[in-house]
Every structure is written in C-alpha cells, then in structure tokens.
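The letters A, B, C, D, E, F, G, H, I, J, K and L name the chains in turn, as written, and every chain counts its residues from 1.
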C-alpha cells in the first residue's frame, strides 16, 4: 500500500457576489485542469472598489489535490 | 463588584451552504452545552472538495463565554 | 507623469446578516467621507453573541484610496 | 515512569487596574476549577474604553496544567 | 435601525512608568480629538534605553471608535 | 442530515524520545477522555535541557474531535 | 514635562524604479499634509506586471509622526 | 553568466511512521516529475486520528528547484 | 460575462546587484513560460555570503497571472 | 561619517512583581555586560504558576545596542 | 533572593538522519561553549536536497540558558 | 564526518542610501568580528524621518555563520 502525496495550488477566485461565490468560481475553474481535488483553505479576502462600492471580490485559496500513483 | 473572567472554546462549524452558515451551525451546537456566549472570532476557513465542487465548508471559530461568578 | 500614492484606512463594518453584508456596510459608510476608494482587504471577522446566536457580524477591513495629486 | 501530558485552556482575565492584575484575576478564577496549573502565556491585551478612558483591561492568556496520571 | 461602523486609529502612547501608563497616556491624548472611543488593542511594546535603563516605554495600540451616523 | 461540529483541544504531549513519540503520547492520553478524535496539528516543539542534553520533548498539538449529535 | 504621543498612518508609495524610490515617493507625499514625521516601517512590497515586466512598485509603509502637544 | 531562478512547489507528504518519513515520501514523489530539487522547508505538520491513534502523518513542505536556463 | 480566475506561482529570483534586480530577474524568467502576468508580492529576502560579502540576493516572490477563459 | 550598526540580543527577564519589573530586571542584567544599549522590544510574556498563583513573570525581550566603530 | 535572567541563542543543528537528530546535534555543539542550558524551541525545519533525496536536515532552534549571577 | 552547526546573529545595518546598502553595511560590520558567514535574511525594514525625508534606512537582518569544529 502506498502513501498518498498531495500537491497544493494557490489561486484567486473572483465574484461580484461575495466570498462564498468567489471560492466556488475559483474551484470550478481549477477543476477544469486539475483532478482529484481534495480540500481548500481560504488565505486572503480582498477586492476592488469602484464608485464607492465593491466591484469584485477576490478570494485567494489554496487547493490540495492528490497526485496519481504511478 | 467582581471582575468577569471569560473562557474561550475553539470549534469547527460546518455547512454545505457557505461561511456564514457554518459559523451559525457551530454556534448553535456550542450553545447546547455552553452558557453566556459573548463573542466569536473566525480563525480559519477550509473545506472538503468532491467531484470538483465544495462538499462542505469548515469554519474554525473561537467562542468567548463568561464564566459564572461563584 | 506623477506616481500615485494611496492611503489605507482601517474600519469595522457590521451587519446582522453575515460577512459580505458587513463589508458592504463598512464601505458604504467610508465612501461618505473618503474619495477614490480603490481596494479593500478583510483582516478579521468577529461578532457578538446573544442568546446563543450571532447578534452581529463585525468585519475589520483595510480600505485603500488614492490621494489626490496637488 | 510515565511522560506527563498537559492541557491548555484559553481564558480572558479582566481588571480595572492594568495588565498584571487582569492576568492574576484570570488565573485566580481558573484555579477554582483546574488543578496542577503549571504555566501561562499572554496572547492578547485589549480593553473597553468609556468616556475616553480605559474602563477595563482584558488579557487573553493560555494556561497550561498537568493532567493527572490514571 | 442602522448598523454601526467603527474606525480604527493606530497610535503610540509613551510613559516613563510602564506599559499600563503608556496605554493610558496614549488614550488620553486620542480622546482630545476623537469621540466615541470604544475599545483598544495593544500591538507592540518597545522603549528607549539610556544609561542601561528604560528611558521611556512606547506602546503601540489600535483604538476603535464609532463613526457618527449621518 | 445534520452538519457535524468539531471541538478543538490543545494539549502538550511529552517524551524523552523525540517529536513523533511526544505526539503519540499526547494523543494516547487525550483518547482516555475524549471520543471521536479526528485530526491533529502540531503547533509548537519545545523541550527541557539538562546537562547539555534534551531531557524531554514537549510538543503542543491541537486535536479535533467530532461532537456527538444529540 | 509631557509624554509624547505618536500617530501612525499607513500609505502605499509607488514608483517605476524600485523599492527605495517607492518609499521616498510615499513619504514625500505624506509630508505635504503631515508634520513631525518621525519614522517609517515597510510592511509589504507588491507591484503590477505588464508585458512580463514590472510596471510599478507598490510599497506599503507605516509612518509615525508626533502629535502636537496642546 | 546568468542568475539562476528557482521555482517553489508546495506538497503534502504522508506516512504512517512519522514526520521524517512523511517528508521523505513527499520528496520521493516530487522527484518523479521535478528536476534539480534544491531545498525544502516544513510548513505544517498534521495528521488523521483513528481509534484514538495517529492513522497517518501529513507534512506540508515547500520544495525549491532550479529552473533550467534556456 | 465570466469572472476571471488567477493562479499564483512562487519563485525565487536572484541577483548579484540587489533586491530590485533580483525581482526583475525572477519575473523575466517567469515570463518565458507564463502568460498574462498581473502582479507580484515579495515574500522573503535572503542571500548567500562569501568572504564576508553578499554573493547573491535571493528574493522569493509570488506572481499572479490570469488564467485563460476556455 | 560612518553608518552605525546595531546588534540585537534576546533575553528573558524575570520578576515576581509583574511585566514592567521583569523588563527592568532583564535590562539591568544585560547592562552589566553590554554597552550602548539603545532600545528594547517585548516579544513574549509568560510565567510559572504555583499553588494556583503566578510564581514568576518571564518576559522575553530583544535589546538593540550600537556596535563600537573601530 | 535574585531574579534569574536568561539569554537566548539561535542556532541551526544539522543531521543526515532527521529532525530529532538535528536538534540533538545542535544542542551538543552549543553545550561546548554555553553553560546552564535550560530549554529549546524549534523555529524552522529545512534541508538540502541532492539527487531527489534529503541530503541534510537543518533545524533552527532557540536555546535558553541562565545567566550566572555576579 | 561531522555535521555542521550554524549560529544566527541578528543585527541592524544602516545607510542613508537605501535597503541594499544598509544590508551591505551591516554585513561588512559583522564580518569584522564573525568568521564563516554563510547566509542572511532580511527581517524588517525601518528608518528615521527628518524634515519629511528619509534620514536613514535601518534594515534588521539575521546572519548565519558556521561554527568551527573543535
């Protein structure tokens, strides 16, 4: 039985809606190119302001995914 | 007049909905066994991913509650 | 062409609804007195508890705004 | 010979006098319910302000105490 | 009913006496120009040394104050 | 289906052998009184020195355990 | 003899040249509106990239200045 | 003579044995796909618990490797 | 309209000249393989010493780049 | 005119009285062997507990002192 | 009765074996020149990689030792 | 074959020119009394302001040097 190894990617998901939606958007994008996504962690929440309002939410997350065993 | 003392518990609330809901779920659970809940702080936001989507949100919070005066 | 300078203000927005709403409330208030708001960062999420429930969400944010060129 | 294990509790001691007194108040309260208190660490110093003065000091401390061997 | 917003100012209070006194001096000064002071947090304790003794204590604090509702 | 809630306890495991053994000792002790232990995190590694040698290893860990659903 | 109090402002100075120049630009701007500038600390170094090159350097600094005694 | 550039990958190595073994397992896996591995740093030590015992150790490491010069 | 997602790469640029030059060297190298570079952040400044002098500067930076929309 | 260089020593001052006194005791001891002491910073406040009371305060400080020009 | 003062030295112990051994090697070396060693704390674990394997472990530790009373 | 041990010294180099020069000045001074200097890390960048301009740059660095084998 082998021990699994995981790789961690850092991405920034964005949304005009809020924190939860930005996380979901970032993960949806990451899942287009990475397989075996296993967990995420929120590292930073920022955003742009325009006309005195939140124009977009930018949530930096780390995504852990299991590397395939060869 | 006595000075109050507060105790701090660390818990992880979870939700399939998002950050706010995970906090509320954790506090609802904590309020079943702790009295005089006074404040909370979010320490960490993580979650599990399944099929390239967020399966649950896990929000670590610290909860402060006032100790009874004896 | 001049280099811009930005100033950073730290505020706490509050809400009975959740994190996103507290951020928006804080920024709406800040935009009453500050111009050229450019970005924000969430620094801390806390709140008061009453009767074992979240009474309000308090989100500390830093707001960056561009200083006018004189 | 057994290896000892310690548990760590986090509390907030308060005082109208200052930092040292808030620590002592918190530890006095903790010693009513915990035995074998061994060490403490100050994690945070905050307080309430009223009428432009410090109304109380709130000092968050971690307290380590030795668990009984069974 | 409106949600309150708080602003946070960072100051350094000083004293020849010690930590508590430096905090009180800083807050006394801040209360000359800011209204509705609500809480403080100690961020850093430093000081100058002269002739191998503490010449002054410099305590960096953040002060939260409620913004007036317009 | 209910959302699980987890509680986090902070303990210090000790050993004369090394880091891994101190973690295992701390968890063995915790499992005498806590059920449903789920994960741990190492927060700090320290130790006492005697006669210029490591006398014991002290490893602070956080232990997460699932709260029973009532 | 009074104890001095200092206030801390956080700004972002920018430059197309590099870190040192961005600090100097930010301080030059701050000195237009603040008096008695006393010290600075660099908190963060970031920048925009365009066409695979650094388009500008953004250095966040805290500036301490002595408040006038009244 | 060119200046070298290094890239940093973040992975999680696992083991049923302990910290050192989890690091070695993670690096063995990484060396299957990355060349010129140069250094590593341990960022986090966690693990799963089952039946009140450590089921596996999960050690997050950053691995630095030299990019080839083209 | 789609929300953008950004990926973050961590690299170490080096230089015999200084901090600014090491950043520029690292970004020049990264731009050979990554497109749509958008921002960078300096995370760490280190270096090797030889004969009591700085032999090279090693600046760890995070680089954010926009992922292509598919 | 030469640029000064400072060295930083880390010490732990102790006291049965409180934080301020532990700092002063540590500095008094350091001034027996170091010259040109210039500033200090408090890094950590801990202490031993005996019989449910603070037995001693242990304050870790960094002390900066100017190196002599040769 | 005098209050003790402790000094803290920071060293890097190395080993080809693992974390525990690197700590022990560093302390063995430190004990050749320092007396009254009292405690240590692990601050960082790094290492060199060669041929895709750990060539050495480098563990940064702080060592506290009691200063002699004069 | 022995394992090397390194010691770490913390110093503050200063300059009227900028960050890089302050680092070089500090290392030049350190190399007058320490041998086998191996690496440095920048920990903090601060400075004094006079007349609204940077009067000097103060860069805190840690310097690692190999201890001689006896």
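Throughout what follows, a contact is a pair of C-beta atoms (placed from the backbone, for glycine too) under 8 Å apart; a residue touches a chain by one contact, two chains touch by 3 or more.
Chains and their UniProt names: A, B, C, D, E, F, G, H, I, J, K, L = Flavin-binding protein dodecin.
What you see is a predicted model, and the numbers here were worked out from it, not measured in a lab.
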| message | Taking touch as defined above, what minimum step count separates subunit G and subunit L? | response | 1
| field | Common touching chains of subunit I and subunit E | value | G
| field | Whole-Å gap between the CA centroids of subunit A and subunit H | value | 21
| query | Whole-Å distance, subunit D centre to subunit E centre, using C-alpha means? | reply | 23
| Centre to centre, by mean C-alpha position, how many angstrom separate subunit E and subunit F? | 38
| query | When you check subunit K against every other chain, which residues touch at least two of them? | reply | 10, 19-20, 30
| query | Name the touching chain pairs, please: which are they? | reply | A-B, A-C, A-H, A-I, B-C, B-D, B-F, C-E, C-G, D-E, D-F, D-J, E-G, E-J, F-H, F-K, G-I, G-L, H-I, H-K, I-L, J-K, J-L, K-L
| said: For a test of understanding, state which residues of subunit I touch subunit H in their complex under the given definition. | reply: 9-16, 22, 25-26, 29-30, 32, 56, 58, 60
| note | subunit I partner, complex, touching residues on subunit L are 19-20, 23-24, 27-28, 30-31, 37-42, 63
| query | Touching subunit A in the complex: which residues of subunit I? | reply | 3-8, 10, 62, 64, 67, 70
| Residues of subunit G touching subunit I in their complex? | 17-20, 44-49, 52-54, 57
